[in-house]
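Naming follows writing order (A, B, C, D and E), and every chain is counted from residue 1.
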Amino acid sequence: MKVKVGDVVLPGDYCDEIASVGAKSKVLIGPGLKKEIDHVFVTKAGVLKKRNPSTFWVDSYQKRYIPCRGENAIGIVHQKAGDIYRVDIGGSCTASLSYLSFEGATKKNRPEVQIGDVIYAKILVASKDMEPELVCVDSHGKKGCLGVLSDGFVFKCSLNLIRKILSPSCPLLDSLKNEWPFELAAGMNGRIWIKANTLRETIAVGNAILGAEYLSDDEIKTMCNNIASILTGHIS
Amino acid sequence: MKETIVSNSEKAFVQKLITSGHRLDGRTYKETRNHQISFGSDYGSCIASLGETKVMAQVSCEVVQPKQIRPNEGILYINVEVGPMAAPQFEANRQSDLTVYLNRLLEKCYKDSKCIDLESLCIVVEEKVWSIRVDVKILNHDGNLIECASIATLASLAHFKRPDVTRAGDKVIIHTMTEKDPIPTVLYHYPVCLTFAIFGSDILISDPSYIEEAVCMSVVDEDNVGGGLLVVGINQYKEPCLLDLTGAAIHSVNIVHKAILSASERGKLIIDIVKKSIISDDTLRQKRARINYKDIITNEHRQSLIRKELSIRLKNFNTNELKQESEEEMDQDDDDDVKIIEPSKYDIVATLPKTAEINAKTGKSAWIEISSDSEVE
Amino acid sequence: MVEEDLKDFKLKPMKCELNFLNKSDGSAILAQGETVVLVSVNGPLDIKSTSQNMEKATLEVIFSSKGGKPTVSDRFKENVIRQTCETAIFGCLYPRTGITITIQELEDYGGLLPTTINCTCLALLNSGLAMRHVVAAVGCALDEAGNLIIDPTNDQIQTATATMYFVFDSREKNLVTGFSTGTFGEGVYDEALERCRAASDLVFNFYRDIVASYCNVIG
Amino acid sequence: MEEYKVLQPFKYFNDHISVNVRPDGRKFDQQRSIKLNANSVNTADASSLIKCGKTSVVCGISLELATPKAEEPDNGFLVTNVELLPLCSSKFKPGPPSDYAQVVNNTVNDILKNSKCIDLKDLCIVSDKLAWVLYCDIACLEYDGSIIDACLATLMTSLKTLSLPHVIYDIETEEIKVDVNIRHPLKVTGLPVATSFVIYQSPDSNVALMDPTSFEEEMCGGNGANLVVCWNQGLLCGIHKFGGATLGTDGHKKLLNVAKERSKTIEEVINTCIANETSE
Amino acid sequence: MPLDYRRFNGPEDSVSYKQFSTNFTRSYDELFKGLFDENGKRIDGREFTEARPLYTKTNVISQAKGSAYVELKNTKVVCSVFDPREIVGHQNEYSIYGQIYCEVKFAPFSCPRRRRGLAPDTDERALSANFKTAIQTAIQSTKFRNFQMDVFVYILEHDGACLAAAINAACLALTDAVVPMMDIFSARTAAVINNQIFVDPTEAEENLALMPTDNETNHGIITLTVIDHLRNITDLQQIGSIDADCLIKVIDILLEECAKLMPLFKDLIIDNVFEQYKEHQVYLSIKKQVNEELSNKVKEWTLIVKDK
């Protein structure tokens, strides 16, 4: 069936608009679309979105992460095998992280990483045929925020929620940040790490994030105020 | 697919949280997740859900020969299945130690506790007895499987009705449901299993969720003071019929007393819920209402992630209701066309005695025909 | 072949809920009339190397009926569903991985296999696996009088001389899988094929509504 | 030539299809030569052996007596089992039947039930007391594709040549006497014939191949034929489509007619074979 | 035996109709008399020491590496051999000898008395074990180390001397599969009833030989497998009670019988070799023809390219 931007699409539909735009200039097709000989076909169910110049993608609901290059992900160290750590990032197979890919790591002083540690890393190599590879050093060799995340709490949620809270237009984070101080790392593989001063505040942040999945922007604002007031004890 | 291990930060955080008196999803130590029991269209099939953990129990019966050692007793057979539907790390039809554990506990709770009157299942001594088979299937594993499985088994056994049987001489007539209304199974008492997760040396939390169960069991491996899962089977007369501990040894005895005390009132609560749901189901069936599993399908589940089933929640967090949409049907069109094809030719010849043969006319194909065996026409 | 106006035609009431089980990657419970099926899909997992396939994902279907004792006909249903899904899913995007589809039959009041195939398709949509096309299954029955009933109720199926189930793909509405019981003439088969193909649009519209009701919530 | 087939199976197959000829030189809707032999095994009550192309299947029927089921007091039993033996091809391992064997078994059973060519009531000797049990055991000696057609052909030939011995059942003493030399043939109405197709997704169009070999079946999506059409003397008694490429309406009609023609030829083969056998 | 969920099962209490036929339950003496026709020879007119003609054909199954079909008048056996593959099942250490997995199966309709089950039962397993010991010695299993070769036998009709027919079929199948072997081997069976030796017994004679009787005469069945050139016995299976000198007499008879089979096998194998050789020639000629066509086509294209 023919569909246009903004429609709810099912796999098997094709969109001529993309082909027509594509005829003129280069078109970027994102996740959920696949180019076949005659048309651009939709491969995932969701809403067909367009960003102005020429990027199209389908915003669909998904829980299982497919690793792809350049994304940050939160992983849990499964085993130490020789000089690489096997890290579980929720994909179909465990990723490999070499001990040298930490800032300032040399043959002699290895980074102290235990089994079960939570690490925030960037996916260096990921393709459907190869095992994904992680790295904890950003382009100019600095640690930045990558590396082992100590204490705090980590929990799993759907990939859409991650995209939603990380999008600039989402009011969640900025309405929370001036309520009480907390640290947050969101991995594109559906895992979020949070740490605040007290336990209740950490839970509050987690509660706010999970609660925001099905709310519109203003409902999110009211929810955040509600949580803030609970925290400060106005409502018991 | 190996199970994703519990990360150190989760372990530390949950432990600190519990020792400080709170729990991840805002419940108190004694509070349980909400129970829901729904029955299928035929007798003896029910789905019990405890928060997000869902278990389906299906009871079926057939006439078999009794065992020699107990010629006048029926047979009760419980079979637990944990498939990939429960969680990705389980494999289909493979007997993992979790299934053995659940099977053993349910058998202790329902078979050895003599809660079902097996004599009433006997039709003809030494020849024909009813054999009741309970199939327990774990639909979703979100912690505390044994409690949810025992509720499902109890509800389905209490709800099950077997066809009426009349004996004419040595012949046995099994009446269908429509001829004679079926006989309910007689239950002497209603046992149910309750789980407690032990943290540190004296903290008892009831109805542990998936993460609390994982953290509690993983703490056992380290050297510090014990953590473990205590399962108490108890019936409505507050008589414990099952006690099972996995994990580290318990130091003080009063923990077990505390567990049994809190188990008895909680058990009473759950058994009342089960009884009420069965009575309400019976009244509905009297009024000829069509009971069916499709009633458990709701469409406000999408929004429910805001309300009670949130895995991380402040104690008194709630939110205003949200509007729901309804869905409707649309119509459609159709098309058709016709095609003709031409027949192909063979000759049929009766060659050897008792055989007939078709030699397909293989015309010389343009392609150079290279075949290993020299089947010359 | 009599041309019938299909405007007033209605499928059995369908109720569906996606994301019914929070532990599996994609799950759906679907009620078509009185028949209810629950399907859980676990997306690309790693499986032991012997059963891995170099080019495409290996699909494993487990059908567990209400009774509990596995029968030969369960294997038959599993095979039909696996063949249907193999054409629907882009297996080549997830080589050397495994996709497990677990099906639990809750109620069976006729038309179990079409409901299972539709529910499997919804679960696949929910799991976010890349799919070539969506599949819709429609059943029909031929009663003694010889006229065709689309999406028959349970007692119509019991008294029917022949029943047929067709599964169509959403791209060109071609037949993906199909099978029949009982004897029937060739004309009847063509008419049944056409009317089921038309009725499959209703199922595709139902899919679109379900996905729509979830999507504008995600926003 | 063989190495090319082993190294690049898909390309090898595609080259053939693009010149619309099949690897063994046949046209798309052309079947392989068939040899059908009836009653070669004397220990079985009725048996037959078919060799169509390189697929050979033997079917033997053994008769037994049993008390009918309580629910259906005046119905006999018809139990068919298809065994894909480990000796017929390296694909099948010893041990209990694989999933694919169970699917073939189920399909053959369904077709037999649908065609209603055997009325179970004829198998009943004394209602609720004694009935015939027809064990039809089909063993595949050589597996080279389109197994369902071969199984059904042997099954029907054996059923048509089967004759039941005369049974005297004394109600009071419940004593059974079987007179082996008075035998009356079993009434078989109609003759279902299955034709299997494989639908290949070539880049430009979908091509249907009749009576596929196991290599052609592998090329079109793994196990077994994609489409099985069964004709029972002018009436369709079952259409099973398992995956493989999708099929438009025009292709569909063409296949039904091809299958109709083939069912006529197979019927002729079975009838000549039986006529030949009875004249022995 | 637990209900087999993977097959369709008939009613449990079903029993063969032959039981109720008149001539089924007959005593030992009647059966013994039934073995002979009026002038003292065996029912089918053969002498006591005369064996049934052996008809055989190789390369019967195209998918198998080697296959053979053997017919001893009414005993029909099919055997197929598959090329070596990794050892199935857990393997704790490297096995220097190649393993041979054998399976002998009766067709459900093959036995005259009752229908045999589909799942392998005890005497089929015993037969497979005997079969394996018989053929194992002749195969040079050191040539395919740490690999497993499968030999499957399916008995279509059982009219006596199944094991011998299976072993002969295996020998021909192995040669057809070009498996490294010391030498070809052949096997023969003899039954002893009431001190009377029956060579190549029919099913009735075998049934009588195994039937328990009170009188202390020799009773039993002996199957002998002999290797060709060295004429030594690779395998001797004996069921029943037979005293020493009778056994020696039987072995001498069987040795000659096996020796009689050898020329038959040799001719068949030599014919096969010729046939395959001829086929190979045809194959080579066609290949040459294809290569010529391709080469002159290439020449044409190079010409066209050159003048462009």
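Keep in mind that, in the parts below, a contact is a pair of C-beta atoms (placed from the backbone, for glycine too) under 8 Å apart; a residue touches a chain by one contact, two chains touch by 3 or more.
None of these values were measured; they are calculated from a predicted model.
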item	value
Farthest-lying chain, centroid of Cα atoms versus that of subunit C	E
From subunit D, the most remote chain by mean C-alpha position	A
Higher-contact pair (C-beta pairs counted), D-E versus A-B	D-E
Middle chain, criterion being Cα centroid separation	C
Where subunit A and subunit C are represented by their mean Cα positions, the distance between them in whole Å	32
Centre-of-Cα separation between subunit C and subunit B, whole angstrom	24
Cα-centroid distance, subunit C relative to subunit E, in whole angstrom	49
Subunit B: positions in contact with at least two other chains	302-303, 336, 370, 372
Residues of subunit D engaged with two or more neighbouring chains	1, 40, 102, 105, 249, 253
Shared interface positions of subunit C, touching two or more other chains	18-19, 25, 42, 45-46, 70, 72, 75, 169, 190, 194, 214, 217
Residue numbers on subunit C that touch subunit D, as the complex places them	72-73, 75-76, 78-80, 82-84, 86-87, 162, 164, 169, 172, 174-186, 189-190, 193-194
Subunit E - residues contacting subunit C, complex	5-8
Complex interface listing, subunit D residues touching subunit E	1, 40-45, 47, 54, 56, 58, 60-67, 69, 77, 79-81, 83, 85-90, 93-94, 96-97, 102, 105, 109, 132-133, 135, 137, 139, 141-144, 165, 167, 176-180, 214
Footprint of subunit A on subunit B - complex, ascending	2, 4-13, 16-17, 20, 22, 24, 26, 302-303, 305-306, 310-314, 316-317, 319-320, 322
Interfacial residue positions of subunit B with respect to subunit C in the complex	1, 40-41, 45, 47, 52, 54, 56, 58, 60, 79, 81, 83-88, 92-93, 133, 135, 137, 139-142, 210, 290, 292-294, 296-299, 301-303, 325, 327-336
